[in-house]
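Chain nomenclature is as follows: A, B, C, D, E, F, G, H, I and J, assigned in order of appearance, with residue numbering initiated at 1 for each chain independently.
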Amino acid sequence: DLSLLGKQAALPASPDEARLETVPNPHPDALYLARFVAPEFTSLCPVTGQPDFAHLVIDYAPAKLIVESKSLKLFLASFRNHGAFHEDCVVTIAKRLVAATRPRWLRIGGYWYPRGGIPIDVFYQTGEPPAGLWLPDQGVPAYRGRG
Amino acid sequence: DLSLLGKQAALPASPDEARLETVPNPHPDALYLARFVAPEFTSLCPVTGQPDFAHLVIDYAPAKLIVESKSLKLFLASFRNHGAFHEDCVVTIAKRLVAATRPRWLRIGGYWYPRGGIPIDVFYQTGEPPAGLWLPDQGVPAYRGRG
Amino acid sequence: DLSLLGKQAALPASPDEARLETVPNPHPDALYLARFVAPEFTSLCPVTGQPDFAHLVIDYAPAKLIVESKSLKLFLASFRNHGAFHEDCVVTIAKRLVAATRPRWLRIGGYWYPRGGIPIDVFYQTGEPPAGLWLPDQGVPAYRGRG
Amino acid sequence: DLSLLGKQAALPASPDEARLETVPNPHPDALYLARFVAPEFTSLCPVTGQPDFAHLVIDYAPAKLIVESKSLKLFLASFRNHGAFHEDCVVTIAKRLVAATRPRWLRIGGYWYPRGGIPIDVFYQTGEPPAGLWLPDQGVPAYRGRG
Amino acid sequence: DLSLLGKQAALPASPDEARLETVPNPHPDALYLARFVAPEFTSLCPVTGQPDFAHLVIDYAPAKLIVESKSLKLFLASFRNHGAFHEDCVVTIAKRLVAATRPRWLRIGGYWYPRGGIPIDVFYQTGEPPAGLWLPDQGVPAYRGRG
Amino acid sequence: DLSLLGKQAALPASPDEARLETVPNPHPDALYLARFVAPEFTSLCPVTGQPDFAHLVIDYAPAKLIVESKSLKLFLASFRNHGAFHEDCVVTIAKRLVAATRPRWLRIGGYWYPRGGIPIDVFYQTGEPPAGLWLPDQGVPAYRGRG
Amino acid sequence: DLSLLGKQAALPASPDEARLETVPNPHPDALYLARFVAPEFTSLCPVTGQPDFAHLVIDYAPAKLIVESKSLKLFLASFRNHGAFHEDCVVTIAKRLVAATRPRWLRIGGYWYPRGGIPIDVFYQTGEPPAGLWLPDQGVPAYRGRG
Amino acid sequence: DLSLLGKQAALPASPDEARLETVPNPHPDALYLARFVAPEFTSLCPVTGQPDFAHLVIDYAPAKLIVESKSLKLFLASFRNHGAFHEDCVVTIAKRLVAATRPRWLRIGGYWYPRGGIPIDVFYQTGEPPAGLWLPDQGVPAYRGRG
Amino acid sequence: DLSLLGKQAALPASPDEARLETVPNPHPDALYLARFVAPEFTSLCPVTGQPDFAHLVIDYAPAKLIVESKSLKLFLASFRNHGAFHEDCVVTIAKRLVAATRPRWLRIGGYWYPRGGIPIDVFYQTGEPPAGLWLPDQGVPAYRGRG
Amino acid sequence: DLSLLGKQAALPASPDEARLETVPNPHPDALYLARFVAPEFTSLCPVTGQPDFAHLVIDYAPAKLIVESKSLKLFLASFRNHGAFHEDCVVTIAKRLVAATRPRWLRIGGYWYPRGGIPIDVFYQTGEPPAGLWLPDQGVPAYRGRG
């Protein structure tokens, strides 16, 4: 029962209040990769309270469940007024997705906007990718500065 | 006997009505890769009935048969008024091509246009690529948002 | 007296509570253009409450005052939990900057992330640019979709 | 009264059945440009019945009304099973938008996918742009072929 | 009566044997631009008999007639075994199109592949563009050499 | 004895009439790769007689002989009025080069211009690359469509 | 007498200590533009003492003198430990160059690296460009953020 | 105790005087990569005293500690008036980061601006990357010269 | 009588010894632009004797004569061991072309490789372009430095 | 004793007369890669005497010595009036660098400007790269032709 897809849904107040919904994987026998790109991620700095921004790329190989994309969108949007360090955001999202979908494998690349002229990228994966999985590069260009 | 190449051909009403035609592989002894890029793929969302769009890249290593490209084009166009989830579209196309051409190996990358700000990509292959096959990256750039 | 530059400053709760600070233009005799790029703009949709994102480029020709950039950053960040239509955001920002700095001329390009597959861009200026002003194109690439 | 925004809405069967909705321009005194990019346009060839695809960029300077973007999206989607030549599609869309919104000025660039190796682009505007309107280039790159 | 569209058509042996077909302009009252990109142009050098290659971009503002695109494709392909200098190819194509369609205005950019390390581009137009015509840059990137 | 380099040479009428010339490899002891890029390849469709175009990239590791580049250019140009399928062109070129130069290894990437909206790429190699050979990606970007 | 070109020269301690050298314009009758790109500009923030970075593009139309490029390089490098606001840097450089070379016309684009997520660009020119001067766009791409 | 984050901090006079601060790794059990991009690096040539510039990309896999990013920024800025060869800069930065954070693994790519027309890049890593670490390419484009 | 085209021709020892050949303009009545791109220009620094490199783009509107491209190539190559300043090279080439072809109008953009980190571009034209001439931007990207 | 760095040095008349100077590797214990990009390489064709141009990328892992970069620049410039085939140039440079620096490993990519429409690239390395060496792709884009 999907509670969100095709309906108006309020923005969850925090990651804790957001619900990741799943549907059965239509091809549980197939080893494949699904990639979500979320260029609209924003959270707050836990020290200064200032907004942080990131471009996220989420790759996972589903097992029995796939994540319903509108619930994923709302989950990501729930970090909007949540204070957390960059590394925590990326790993927390990974853990929540793992808990909800029990995938064969997952990785998240978090590409943060620069602060003080220096951006941070965080690359996390649950372990070695499964043999035979097709795993294209995320291909996010490096930060360049100006000129 | 090719029924479609070099002739006017009506758009099939559904994937079921589309016919994938083949011709003998002119080099059945050679291990090579053929890549088709289909930037004009569109289907319908099975839940909302709204159109979905994707850019597809199909790679396969032919065995005894190669797919005739006009029949491939019409097969892909037959999803135009067909409702199916993103993952199903990609895997269904893969299965139909496997059934029609019995290739040594096949993979499909489906790069979907964003919905709710978040695009989905689906990467499927029939298994480990054959040793010695030259298999270039599909090289489709990541979704970027704006700016 | 700058209250924000070089100090820790809390995020204003709304545009109304944000204060745009100015400093004297060091070259009030010169006709020049200052451009700010704000790739981290986000507001809320007034109808659905969902977050919206935009990449903003602000160009202005200062008269007696220039805007202090940290106060500009905080002002833009104050839209974070504010509901407003795309056109209103862009024009409101323009009006606030005009009120605070009384420039010779100003324009804002607002490049919004897509919704329903279709992004909106808004291009506003206070009137014809002054003769002799050097006014480079903002050069933000068009939205492309996928592939 | 908006009948579509924030609601589930069926795909109109044809352009004639689609309804372009408007809302009052929040800044009717301001001369500004709104740009919509529609990379998901598709129609049918009236001679062969084969699908055609285009990337559309719509620029207009609103007067008293602005177009509601979800109704615009559904209007564009209504060409899906409609047969029309490239030039007709572009000009019909322009005329419908002019009739619905009575803008100060409007232009549409239609960038069609190649057929027979040669793409067509169609550039239409309602006349000379109003003086003082900021009118950035649409910036769609020329078709390149391969390599 | 179109003799070529939707039918199998032989490649004309020379430009003289090719026939440019036209159809009535569906919007003869509107001043608009149609752009064709032909990245597959090839002719022979009249001195050495070696093949030459060019990327052509054709812009014209139709009056009463528009060119039928398949006949245009065949006309361009008819230069395949025809010897002519670069400047002659571009101007001959322009003159043939002018004779066939009697446009309000026309221009052709011919971007030739390098010979001896130096490519030639030829830019021709029938005169000043009509006032009010929207005329985007052809945007073909300059030749760069290597690196 | 080179019959072609530094001399005027007629275009061979067909691949059969073209002669691939070789010179001794100046470094037969070294394992290295030579890459030729031929962006000006054209042949005819054997079914419809229409021209086809491709961008070819040829990589090989010479043994005792290297191919003389002007003879290679003329050989490739000899397909100009030759009818052959895409796969045949690529493999025929590969076989001719292998026969003429007896390389340690060879591969050809054939990147064809789109027909019916869908381009085909063909990737062939003579087998696993030799250990220790430096083999950069050919880096030809994927076909994109428009926008 | 050039004191710097082709010699070892110490870095000037401040802009005041740097000497802009000139040579006679070899073509004082010709109206032409010289452009210098200085991607290695750095100064200090006068408030915080932190380093700032910019990419500068300097365009000028020489009259009787041209600037010697090594003295220009050293002059620009002399801002390394100098505190100044962005606008002051750009205008000071402009004034120094005007004083040293008495050009027909000059402009400087200063493209600063982001601070607080928002870069500033400064565009200054000495007035309307002279009629007949060829003045290409500086073509520096807009700042993009990440993704 | 962080002495720098969220506070005004003076620029250290040399690398020796700069202090790299750390915080506990919030996920010491996870094998992940953090990437910093520092496009604003500058040092002095130890022979000529002229400024050198580089774009640095730092990748490391934290163990028990992560580096605090403001202290990293100040450490990098401390090379501003320090004379050192390119190779020394890169390796010194690596050693300082290793000493401060005791990472599982670290690498630094230093991409220097050209001198005499030839830029140098330096690629250093502490050894083979740990198995299972996700290690994207740094993706810095090669220097190109002009055109 | 062309002495160079289709023949082996020695490299002229200096610009003075090079001969620019012309042929009658096949369309002396038409106002059009011919563009040559010469990415292989090199000369010597008259002070240090070190090689300099430039990417040149030459645009001209022929009157009665057009330049024969092989003689142009040899003329440009004749600067190889010639010492001249950047500005002199560009203007000398312009004057030689004007003297040889007596064009309606001419311009040359010289884009030099960086020395000391700072490249120079030189933009010269013979005067205001003729009215009605189509004159696309040369589109050479600005120098960027690294990263 | 460096004879060239920081001094005026004449251009060597040939590769034989050029001297590659070295300095001790400051980190002989570390396995790292140094990359030089030389976009200004030119030699002469040994058959026709015409200039050839290449963009070279040199990667090596130093052992006890590193090459002094100014001597490298002069060595490369010494090919200016030297006749040699493309393959010979690349391998000769490699051998000279190996002889002078005795590196752990070396490779050179030579990317030549097109002749007859077809460029040649040469990829040479001294053998398998050492285990644990970080070896980024050289990333030089493929030649594209026009359009």
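In this text, contacts are C-beta pairs under 8 Å (C-beta built on N, C-alpha and C of every residue); 3 or more make two chains touch, one makes a residue touch a chain.
Remember, predicted model here, so these are calculated numbers, not experimental data.
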Counterpart interface for G-I, drawn from E-I, B-C or A-G and sharing over half of its contact pairs
E-I
Would you kindly state whether over half or under half of the residue numbers at the subunit A/subunit G interface are used by both copies, giving same or different?
same
Select, from E-I and B-D, the pair of chains that is joined by more C-beta pairs in contact.
E-I
Would you mind pulling out the distance in Å between where the CA atoms of subunit B average out and where those of subunit F do?
27
So the centre of each chain is just the mean of its C-alpha atoms; given that, what is the distance between subunit A and subunit D in Å?
33
Considering subunit J alone, which of its residues make contact with at least two other chains?
6, 8, 39-40, 48, 53, 55, 113-117, 119, 137-138, 140, 142-145, 147
Subunit J-facing residues of subunit D, complex:
142, 144-145, 147
Note which residues of subunit G are touching subunit C in the complex, please.
47-48, 85, 87-88, 90-91, 107, 109, 114-125, 127-128, 137-138, 140-146
Interface with subunit C, subunit A side, in the complex: residues 8, 10-11, 39-40, 42, 44, 48-51, 53, 77, 80-81, 113
Residues of subunit F touching subunit J in the complex
5-6, 25-27, 30, 32-40, 55, 57, 66, 69-70, 72-73, 76, 131-132, 134-140
Quick one: which bits of subunit B touch subunit C in the complex? Just the residue numbers, please.
37, 39, 53-55, 111-117, 119, 140, 143, 145-147
